[in-house]
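Both complexes shown next keep chain A, but they swap its partner, so chain B is in the first and chain C is in the second.
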Partner chain A sequence: MSEKKTPQLDELEKGQWPSFVTEIRKAAAKNPAAEDLLGLLERSYEEKKGHWKHGGIVGVKGYGGGVIGRYTDLPEEYPNLAEFHTIRLNQPSGWFYTTKSLRTICDIWEKYGSGLTNLHGSTGDIILLGTTTENIQPAFDEFSDAGFDLGGSGSDLRTPSCCVGPARCEHACYDTLDACHNITNEFQDELHRPMWPYKFKIKFSGCANDCTASIARSDCSIIGTWRDTLRIDQDAVKAYVQEGLDIQGAVCDKCPTRALKFDYKKNELNVIAEECTRCMHCINVMPKAIRPGQEKGATILLGGKSTIVQSAFMAWVIVPFMKMEDDYEELKDLLRRIWEWWDENGKTRERIGETIYRLGMGKFLREVGLPPVPQMVFRPRANPYVFWQQDEINK
Partner chain B sequence: MEKGPASPEIKEKVLAYLATVEKAKSKEIAAAIGEKKADVDLAVKELAFEDKVEYLYITTTFVALKGKVGAPQ
Partner chain C sequence: MPRIDAGPPHYKEMLPPIILENYGKWRYHVIPRPGVLKHVAENGAELYSVRAGSPRLVSIDFIRDMCALADEYCDGFLRFTSRNNIEFLVSDAGKVEPLISALEAKGIPVGGTGNSLSNIVHTQGWVHCHTPATDASGIVKAVMDDLHEYFTDMKLPAKLKVAMACCLNMCGAAHCSDIAMVGVHRTPPRVNDEKVQKGTEIPSLVASCPTGAIRPNPKTKSVVVNEEKCMYCGNCYTMSPGMEIADPKNDGVAILIGGKTSNARTAPSFSRMVIPFLPNNPPRWPEVTEAVRHIVEVYASNARQGERLGEWVERIGWEKFFILTGIEFTDKHIDDYIFSRETFRTSAAFKF
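After this line comes the complex of A and B, so read on.
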């Protein structure tokens, strides 16, 4: 263990919370790169300056993603960090592991890397921090033999991720786990061989609670919904009233479209089906009384991202309802058309939301073959991006 | 979706073009050699497995002849 003083890092071990510094110190007992990492991090905090550069190497033989080259700009002083590459492993759907598989990952990583991990990265991958160029291929070979594959990085399809879905949640309107697994397998080329203007993320959420935060954090978010109407159990509504729930205040008044009406005399709750936006608020407050409808599927949204060329975007609805069935062929076909359009029209380092923002939603919809529909706008004339074309006007 | 093998002629054209530049994106290669982008993507994939080209990340992902571009300075 290092005898060097690290007063800045010591502060991060105080208090009641788990500390990443404590974990790096544990790794440093066995790994010189982790020990150098403590020194470099302390120095960065002192100088208020990062000492990392990244880029270059991206994968193993035949792969164009999954490895992120990282190097310190002070290799003479921290020789064990001269190469400190990150490996991303494709996580299982819903992040369900056996303890055996977690031990396998850790054992392989202690053999070839620093032993430091980050479960999970913001896209969802298993992040393995710190290995040398020489060790990348043998580490991958061993992970591959154990049943793991690399995730995405660079200008490719990033590793798709999903919520726990029907495995643990009664709200799931489709099988997010199966959809994520199926789409990941279908688009292996897109995941491993970067071919686009920039990254593209897909996240699957089983309902509008959106536990993967897909609407803000993915280029394509697939959010479970239903096409018919809410199912309301009036006996359960009465039970909530007896328990003292303020249904008018906590449910009806907070419905974003005022689609719920509570009858005080009968203690009954009714929904105006055509006004409901399926936001899940009422179901979250009264899960024993209100359920999603029976005709379930997903809403497809496009364009969410954080700030890059343009500011952060929330995703736009492009398909209000799609059945998630038949091996997801409708979704796959749509994704291919979207990628072809983006590949043709996108500039380098431009996310698809930015390409649409630059060229217009109308052009995107026409060229990808999607009809403009009312669900794409908040209310009439609230969003002017859909126009009549000259040949559509009856003069 | 089965894509089939890449065209040997396109693979040769990709290698020839990459010999004239430091690095390029597939879209730029396709435009330069006058082939469809999808066919170039397939050729690059096979050439990567053959260790003749490699992908590189320099603010975005590029393709280059194997060993032509070093680690970031």
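After this line comes the complex of A and C, so read on.
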């Protein structure tokens, strides 16, 4: 294949942004599948269409998910892509690595795969891009010996992920790394052996900045927050004034609830605690002067998903405040109740958000045992089409 | 025998000493220059994070190169971000500038902090997926080359998150980004009765259609598509190999804008379609890169300081956005799916 020309891909080795073509070429120097991938991709660029066959079911013993099977539709021309499966490896919380651990991954992948990866897949996994059916099990065995396990795929609990959290962020309202690690380990069975109507994703963000985009990209979004009041350091406020920050314009006027009052004479900033919705704006602008409160926990939101089938959903509030402590027993108990209900009620390939939308929040809350509270809605319903339960009417 | 259900490695084994010592005790951070974060702990300890761009699709050689840098400048510790950038965790301030020089010498840009265009969250495209309407890596490379100056500098009104998805499954963050590029089809699937019969659960296939365009056909033991109801989402092909929909002459890219996930100031919001179709033109997708640059430039020169793209458009009004950008507004922009009425203007307040 080496004499094959790739004029279109060559063009993408120019320019200032690091080139994925250069990366494939590096792998191609050592690996025939990566070399065939260059040829196949060039062909896709010429024809403006993909050349991967539909679907593919492969995996490792004991698990029902974690490997995405892939076969080219041109196996005669690109024999080394006849099988080109992806292995998902569960990343460590927060995507922190030692160089030793990354080199171990590289060495094993050099032996069994194409030498190509994605760091990382959108759900968070380490993506090992391209291997044969035969190599999947021995690769997994070695990864397992090295301390790495597979991530999720299919109708299971997908690999949870989290923001950088308390490891390197002053805003973190709970230990996102620990919560992510703990929940991932607690639900290994649900992650490795698909048994649900469809996929279920969990993402942990330490504050409402939501650096994992959990509200849009996970069925269960766990967003750090606090229940008392912002902590404001007035000396630091004065330092920001000295530096020339327009506190009234850049902070107070942008507060969504106008909960911040700036006293020009004293150079003092005060908050009406019960008016604040903890959006993070003022903290983001003045991180040296304003900190989250001290009574910390998380808001739990449910139902986030992308377009297919019923439009994209943002996750919505189901628990306004939960303490993230005691081995996360309260969260684990809630997740188990949610999954039991969804498993019972969800249709095939129906995300939890769509199941709740179809059957109604009232039924979901009653059956999962959550109290309805006004924080769950932007505003109450406008139509009068209300369902009443039999035990609520006079007989 | 492999261990099963062992889970991921423990994150604490992956943390540099300065993080273990100051875990949960960070006081504040500043951005001393584009691409560098300085975190200061309660005890005064300082950690520098140098953020570098990555193509996401990388070889093991690339990973080993990054490991060599992390060994030399950060005692063997590094991390990746939720936008697939690389962060080198430097506890010795004197090593920050030499590390940046070493990265730049390798052609790895440093940036993506503060009011910048950070990395583009993207998907598999023609490299590895069976349902794409376009390529992901190629478009991302073309757009990041074109907008490189916005990655390495912090001159935008606010952060700008761009995402790319190669089909309407919208894996990643296309539905919630400041700017999103999404692969779209424009022609209905071609039913292959034989393939549908062989490898498909017909009820699941029928149920996969958002608009109810697919009916079982008992005569052929296959299905028929009501083409007037089909909007080419491709979900039926996801369910069945007998519903091929890729069409090189008609597949392309739609542009959506104005989404965000942060709660700062305004609620998280979806991105909304502003360009229904641009052609697939590999390897550089000039129509797409030009459209994205134009939107970025109009935003950068009109928005107020601190305003995300969607916040700016909501303040000035969408009608004003179309006037300012000169983007043509068509019937394709008006929602006609299940939640559409909420998007109509039920008010007499608007701009001419």
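One rule holds in what follows: the second predicted complex is superposed on the first by the 374 of 395 C-alpha atoms of A that agree within 3 Å, B and C clash if a C-alpha of one lies under 4 Å from a C-alpha of the other, contacts with A are read in each partner's own complex, and residues count from 1 in each chain.
To be clear about the criterion, contacts are C-beta pairs under 8 Å (C-beta built on N, C-alpha and C of every residue); 3 or more make two chains touch, one makes a residue touch a chain.
It should be emphasised that the depicted structure is a prediction, and the values quoted were computed from it without experimental measurement.
When both complexes are superposed on chain A, chain B and chain C end up sitting side by side without clashing. Judged by the touch definition given at the top, the superposed model places A:156 against chain B, while chain C stays out of reach. Within the superposed three-chain model, A:90 lies in touch with chain C and out of touch with chain B [touch as defined at top].
By the touch criterion stated above, A:54 is placed in contact with chain B and with chain C alike. When the two structures are aligned on the shared chain, A:18 is found in touch with chain C, with no touch to chain B. Of the two partner chains, chain C is the only one that A:208 touches; chain B does not reach it.
Residue contacts after overlaying the shared chain place A:354 against neither chain B nor chain C.
Between the C-alpha centres of chain B and chain C, as viewed from that of chain A, the superposed structures give an angle of 120°, to the nearest 10. Look at A:35: by the touch rule set out above, it reaches neither chain B nor chain C.
In the superposition on chain A, contact is made by A:62 with both chain B and chain C. Measured by the number of chain A residues touched, the leading partner among chain B and chain C is C. When the two structures are aligned on the shared chain, A:197 is found in touch with chain B, with no touch to chain C.
When the two structures are aligned on their common chain, the gap between the nearest CA atoms of chain B and chain C comes to 5 Å.
Residue overlap on chain A between the chain B contacts of one complex and the chain C contacts of the other covers 53-55, 62-63, 189, 348-349.
For chain A in complex with chain C, the residues that touch the partner chain are 8-9, 11-12, 14-21, 23-24, 26-27, 34, 37, 41, 44-45, 47-55, 60, 62-63, 70, 84, 86, 90-103, 105-106, 109-110, 115-120, 122, 129-130, 140-141, 144-145, 147-149, 161, 163-164, 166-170, 172, 175, 177, 181, 184-185, 188-189, 192, 208-217, 223, 250, 254-256, 277-281, 284-285, 287-288, 306-312, 314, 347-349. On the chain B side of its complex with chain A, the touching residues are 1, 3, 25-27, 37, 41, 44-45, 48-49, 51, 54-61, 69-72. Those residues of chain C whose C-beta lies close enough to touch chain A in the complex are 1-11, 13-15, 19, 23-24, 26-30, 39, 47, 49, 53-64, 66-68, 70-71, 76-82, 84, 86, 89, 107-109, 121, 123, 125-132, 135, 137-138, 140-142, 144-145, 148, 151, 168-176, 199, 204, 207-208, 210, 233, 235, 237-238, 240-241, 246-249, 251, 259, 261-266, 268, 270, 280, 282-284, 305-306, 337-339.
The part of chain A that touches chain B in the complex is made up of residues 53-59, 61-65, 68-69, 71, 153-156, 186, 189, 193-195, 197-198, 343-344, 348-349.
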